[in-house]
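Per-chain residue numbering starts at 1, and chain names A, B, C, D and E are given in the order in which the chains are listed.
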Amino acid sequence: MHALVQYIESYLSSDKTPGTAGNWFWATVYVLLVFVGLSIAVIAMNWLERKILAHMQVRLGPMRVGPHGLLQPIADALKLLLKEDIIPDGADKVVFWIAPFIVVLAAFTVFVVVPFGPTHAITDMNIGILFMLGVSSLSVLGIVTAGWASNSHYPLIGALRSSAQMVSYEVAMGLAVVSAILMTSLNESSTGTLSMIGIVEAQKAQGEWFLFKFFPLGIIAFAIFAIAMVAETNRAPFDLPEAESELTAGFHTEYSGFRWSLFFLAEYSAMIAVSSIAVTLWLGGWLRPFPNLLHGTTWDLAFSFIPGIAFLLLGAMCFYNTARMPKHPLFKIQTIGLAGFGAVLALIGLVMFLPPVRERVGDIFWFSAKVAGFMYLYIWYRGTFPRYRFDQLMKVGWKVLLPTGLALLICTALWAMRSEVWTQVVVPVGMGFADFVRRLL
Amino acid sequence: MHAMTDISTLHYLVLGAALFLLGVIGVLTRRNVVIVLMSIELILNAVNLNLVAFSRYWQSIHGPSALHGQVFAIFVITDAAAEAAVGLGILIAFFRNKETVNVDEVNLLKW
Amino acid sequence: MTDPRSLSPLDLDTPDKTFLDANELVINMGPQHPATHGVLRVILRLDGEKVLGLECVIGYLHRGVEKIAENRTYTMFNPYVDRMDYVAAVSNGLGYCEAVERLLSVEAPPRAQYIRVILTELNRIASHQLWLGTHALDIGAITPLFYTFRDREEILKIFEKYCGARLTTHAFRIGGLQYEAYDGFERDVKNFVSFVKPKIDEYEELLTTNRIWLERTKGVGVISGKDCIALGVTGPVLRASGVKWDIRKAQPYANYKNFDFEIPTGENGDTYDRYIVRMIEMRQSLRIIEQAVEGIPEGPIMAKVPKVMKPPVGEVYHSIEAPKGELGYFIVSDGSTQPYRVRVRPPSFVNLQALDLMCRDQLVADVIAVIGTLDIVLGEVDR
Amino acid sequence: MNPQIAGNPPVATPYFFYGLAAIMIIGGILVITRKNAVHSALALITTLLAQAALYLMLYAPFVAGVQIILYAGGIMVLFLFVIMLISIERAEKERQFNKQWLVGIAAAAALGGLFITVYTATTKGRVLFPEGRTSYVDMQNTQGIANLLFDQHGGTYMFAFEIASLLLLVAIIGAVVMAKKRI
Amino acid sequence: MLFLDHIYLIPLLPAFGAAFMFFFGRKLTKQTVSAVCVGVVVLAFLFACGAVLQYNVWAGANNHQPFQKIVYTWLGTDTGHLNFFKQDGSAANFQIDAGFLLDPLSAIWLLFVTGVGMLIHIYSIGYMAHEGGYYRFFGYLNLFMFSMLTLILANNYALMFVGWEGVGLCSYLLIGFYFHRKSASDAANKAFIVNRIGDAGFILGMFFIAWLMGSLRYVDVNAAARSGHFQIGDPLITAATLLLFVGACGKSAQLPLYVWLPDAMEGPTPVSALIHAATMVTAGVYMVARSNALFVLAPTSMKTVAIVGALTAIFAASIGLVQNDIKRVLAYSTVSQLGYMFLALGVGAFAAGVFHVFTHAFFKALLFLGAGSVIHAMSGEQDMRNMGDLRNRIPTTYWTMFIATLAIAGIPPFAGFFSKDEILWQSWATESVAYHLLWYIGYATAFMTAFYMFRLIYLTFWSKPRMSHDVEHHIHESPASMTMPLVVLAVMSLFAGFLGFPQSLARLVGIHGETNRFEAYLAPVFAKEAPVFAKEEPGQLAAGTKEEEKSSGTEYLLMFLSVGAAAFGWYMAGRSYREADKGYVEPINALSPPVYNTLLNKYYVDEGYDYVFTGRRKLGGVRLGAMGLGEASSWFDANVVDGAVNASGWLTRVVASLSSWWDKWIIDGVGVNGPAILARMLSYPARLLEWGLVQWYALVMTAGLVGFVFYYVYH
């Protein structure tokens, strides 16, 4: 028993990710943790999207299953699992089977390199960001095959649209990412890196988020990425592949039940994944706000209380709503449930005040909070924007984002090399010109 | 742990040769142009595997920065992309004119 | 490329060539489709995503309303008309009642006229709100739908209080009204007016200057005033094309000539102009309601109408400006208690003819927008 | 086992190699035997991904990443696109192999025989392909490739890199010209 | 001399307008179109006024010669490409110029063509405001003005023929202006074809003149004709003048070629007014008057002209009695009045005929424009049966039309009275009693004219309203641009007659001296003929010689009689139609239905032409006329000519098949294909390497690879 505790402690004090350390056991544990965490996140996201969207649209959203519809996602999941699994006649059965798995696999695999903290990643790859982009681009394959295998017009058009859209926006996305990677090489000691952890470390070392670096270049890059990532995940206002008024449901029109839920899962995981990339590249990943300005043990302590406080606030909200529940006997169970949920949240908050916990969950909390901000943006877009038309979408991708991205890349490079540019280009040319003018006179 | 012998360069070479042969058979026997093009991709990948394996071997002799094989592999992948784009472009033009994808029906220099 | 307008009418026997060659791909949209507003079936002929032509297949909701009329007395047929354009049932009833009144040569008393105008204009606002919500939903903005339905609810509440029904109201009777306005009717209407004014600004805030909304609607589904007239298109669609034609002004019925309001017109005849025109129309309707509710005279609500209606032999055509355009009733009386023939000129049916013209050379996604902007109700198209 | 001292253990055991090799061979066979081109393409994708894993085993992570992005994410999507554009129903019902298939297999078999003899041959006392053993070197793979391609002093393969970009440009234009109906 | 020297600008101004419309019209707004087109015509009118004034001054100083301005020589012997021999075998210096001539005759035509044309242009602005093809219409009108002015101002027959054909073309274009209407395009075709027949006569007559006189210039022709070289009654001259008269019949709608003019009413009303009433149709009169020197040499032709004119006058007037279409009544009236003019020309009263042309231009244009205004008010309704009681609704139109009616009916002191009376008097005044018959015909026509014109007035403006409800709702007076020309023309109809105030009447009121200014003005053109008659054939023709006038008493009597006839016509029309209501009965129908139907169907002339000339209908199973000729020649071609062709073809085929057999089996089989087959057999092995299958190449490559590796390993 003691040995086990010691083992865990020794691991927790390690400064390497399990993959880097080559520790199979811990790697497996991490994979499971990430998988479970991600599933919970998707479920929570499902509930939150419905609730937030509903409140934006002056309605209540799910209210029946559980207090404030908290159990709705679970009910949905159950329903989906129990539904009849329909494969259309004339569909290519094998491919129809495989397609959702490809999508889900691609969406989940990218989390192998997502750094929730300096050591809280499954592994740290030399080519981390490349791996993320590459694997997330594999989901296109799943979508195309899904659309094709359905043997129906709407899914096929949806799939073609979807793949064209994703391929197009990947280009702009890649350019934005490259300009961020360029910034990592400006560390005095480092030569630049593709590693996700390395990128965050570079931001820490350079003392600013890449969002604000080379103002306004960093912000432009981030904006390009932020637009491209919405398109990449087929979300509003770029949700053409599944525009229900035009194509019914796009590439997954013919899917139902469990396989449909896989697409659903993949979509939300992909949203979280691309948000993680954005957070890692531009928003300082797991770093808490102002790590350099407000440093020192006192500030560390102060910031380490924030996660606990946040959970306590959530718990308090639950209790407040419990008090507002109708006092009718029929609502008794719901009231109790909400109170219980609040209690669990509060308990978690309290646990987070414990020193060993609070020292380690800070990274994960900040990372998740930043990602959650992006998730809220996604929902907000959906509540506000109409849908682009396909030619307009392509126009935005190829005629606006791509040239901007190229110009941005060149500007970033020139800016990064400004001393060399000055000493090796501007000064010699200027001298030569001065010489020419002198001779002329 | 290491019951089997370590994997040597030759293992990769044999695997590469096998893939190469599969690709050659595909190119020589299939009628569908798309599959012929895919078989060419197989051949290119077999070559790439050899290149990377040799690069690894070369590194063990000349030090870690001797990555020429990998650089070659990247060039091959670039060429493969170009080849696929042009090949598929030809295929589309061909299909539009002849309504077929069978390579042995392309036995005229022009149509 | 040949001009798609010169192509022959949709030839459905065209073989579906390969997808790649995609000269002509025939796609069937509806009758079960979220964006066809009911059971409209549209057969599209596409070149890639470009529409070469389309054909509407209608009749899935045909109930033979006009035929039913021939076996009902004039009074009995009145509720049927509510089922045609069910989102503007009050307007339908107004048109029918006024047509029969003309046949009988009676006129509803002034008080009834005022209440009729108020209810009809309220219904126009309700219809436009429903249109706005669904149209925006088609284009992908889901939020306005809820805003408009929330505010439309207030109108339905007034209807419910007035006559007990919310949708198919059967509010008017031949010769006047069945019910006196309930206590507080004026107050409710005034409250509604002051309630809904800022709400219309709210809808506009969401959409009018929204970049994506502009890109999706400007220059989409353009139709010229000339084509509108040639096709018989009426209502906001016609007005958005720059033709100032509103029956309320052109051939005033009820007592619209007593009210001061303006007829908005557009310039380009595109989807955006139609949107703007309808938004202004809602405001103008509020203006009319305000004037009408201030001036409701006292007096009877029912003219002298025989219990058994036997209009003299003859025929009458009477049309009103329904929310969707000119709604006309052509009634032939053979002197008996039942009409010899009732023919309805439904605005939706006529406006739907313009769909083909408006969608040519546009993209598939625009077809959705154009169907939405035409504001059709299939109950009225098929009757 | 103490995670702290794990250092650089072997990335994968021979089991992995044989497993991946089997996947690749089976995938390759499926590629050249399937009637349906989409199935062939999926098999090829499997092969390519397995090969990417082999690259990782060979400590060539950058090549592996490029393989995934370019091959699996780019070229194969292009293939799938084209397969969907052309109707394959007819192609499925036709003869799959051409008339000289027997000759082709014979030629391939001859080539295979030669490979076997070459890989097992020694000439003039010199082993043609020595039984090289890979050794594990910890290094910055990506930076190394970047140095070869374009380091500060011109880069060994700088010129080739530029030529490759030109090739890609030509390929893009060529593909567009050929595939577009009306330019 | 500015205007005279640049007289060619008068036709060129409208030509510019037409060309501008042709090139840019489609893009222009209606305002621009009207500004350009009407502007050039106004300019042309002002220019014409200037030119005539200058001419009068110039002529006074130059012995009243015609003024000639030759811009360039179009074709002629002095250009070296042409030899020309006259009838008597002598070579002539034959020239055709683009030349312009102004003398009193063309001056009169010039003034009323540009003047009336200008008014009608202005009228058209209002009338056509809501029609499509606005620029097209005005372009055609300008083109017409150009052609008409060319016709008038030409100094030779050839250039006149250019204008002649030009007005024919414009007439065709404008009749067919509503080309989407079958009836309009048919009418246009009819007008064009009928005119073509007349033109053939004209062109032949022109050839005769050139052959006889060696020149086509008026001055040369007139000089030659008056030189005494030709005998009166010279058969060649008679032939030439008769042929010219055929042309005049076509253009001026005389029997038997009048059929196109009533149908020409399919065109827009301003066109009817301008072309088919006031200007173009008088081209025939102009041509005959212009050729007066020739005509007086051919008494037979003169008789023909007079008889045809008189018959046309009564024939058309009788049809006009019963027509119901307001424009058709006016059309037949035009034909009838043209008959009057020819009657005058035929009896040698050239000045009287021209005077009638002059006055007729004003009141007929006014009548047509007024009818257009009525039609405009009636929303396009043209049938008088559906009109009635319009005088209070459109008073301006009513009053102006009423004035015109008084004028045409010959009620003093309106213009028509003077001109018509002059013609009647001149025809009575001829020596030959046979000519008195012509006077009777003219007299009856005068009565009919008054009757049908007042019938029109009563049916349209008086009587009971018979139009439908909708039409009645829309009746409104026309815009100012339409009524203004009406008023101007009405004033002209009132006063134009005083230009030719008869001497006798003048004596009656105590004025002495030259009162018939018109005749006096024209004297230089016509007066020279008198001595020729007097010398050669006294007593046959009265011509314009005042010495031979009968006593004034007879003239007063005749005047009184004709006014009486007009008044009686007025009275009869009033009695019959003043109270006409829906379903009124035509008095002629009541008298004798067969007569009525014959008149209503225009004496069945069109049907007759269909039977006899066009062959559109079969006469007793036989097709006559043009189509009959076509059928016959078609039969001949199909059976006789083609039969011969087919027979020779059959013969050729037989021979060819024999030759082919030889070629195929012997020459090709043995001589050509034999070596080729041999070559193919020999080259087959080489072909194996390059037979186009890509995979075969790949196979060869693989084989090569195997070979190389094998060599490398085992060498």
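Going forward, contacts are C-beta pairs under 8 Å (C-beta built on N, C-alpha and C of every residue); 3 or more make two chains touch, one makes a residue touch a chain.
Everything quoted here is computed from the prediction, not taken from an experiment.
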| item | value |
| --- | --- |
| Innermost chain, taking as reference the mean of every protein Cα atom displayed | C |
| Of all other chains, the one whose Cα centre sits farthest from chain A | E |
| Best-connected chain pair, where connection means C-beta pairs in contact | B-D |
| Gap in Å, rounded to a whole number, between the CA centres of chain C and chain A | 46 |
| Chain centre separation in whole Å, for chain E relative to chain A (CA means) | 88 |
| Distance from the mean Cα position of chain D to that of chain C, given in whole angstrom | 63 |
| Touching two or more other chains - residues of chain B | 24, 28-29, 92, 95-96, 103-104 |
| Shared-contact residues (touching 2 or more other chains) in chain C | 18-20 |
| Where chain D touches two or more other chains at once, by residue number | 62, 66, 74, 84-86, 98, 100, 103-104, 107-108, 111, 141 |
| Residues on chain D engaged by chain A in the complex (per definition of touch) | 1-4, 6-9, 36, 38-39, 42, 45, 61-62, 64-66, 68-69, 72-74, 76-77, 80-81, 84, 140-143 |
| Complex interface listing, chain C residues touching chain A | 19, 27, 33-35, 49, 136-143, 145-147, 150, 206-207, 210, 212-213, 215-216, 363-366, 368 |
| Interfacial residue positions of chain B with respect to chain D in the complex | 1-2, 4-15, 17-19, 21-26, 28-32, 34-35, 37-39, 41-42, 45, 48-49, 52-53, 55-57, 59-60, 64-65, 67-68, 70-71, 73-75, 77-86, 88-93, 95-96, 100-104 |
| Sites on chain A touched by chain D in the complex | 10-11, 14, 16, 18, 21-23, 26, 92, 94-95, 98, 125-127, 130-131, 133-135, 137-138, 140-141, 144-145, 148-149, 156, 159-160, 163, 167, 170, 191-192, 194 |
| Chain D to chain E touching residues, read off their complex | 98, 100, 103-104, 107-108, 110-111, 114, 117-118, 121, 123 |
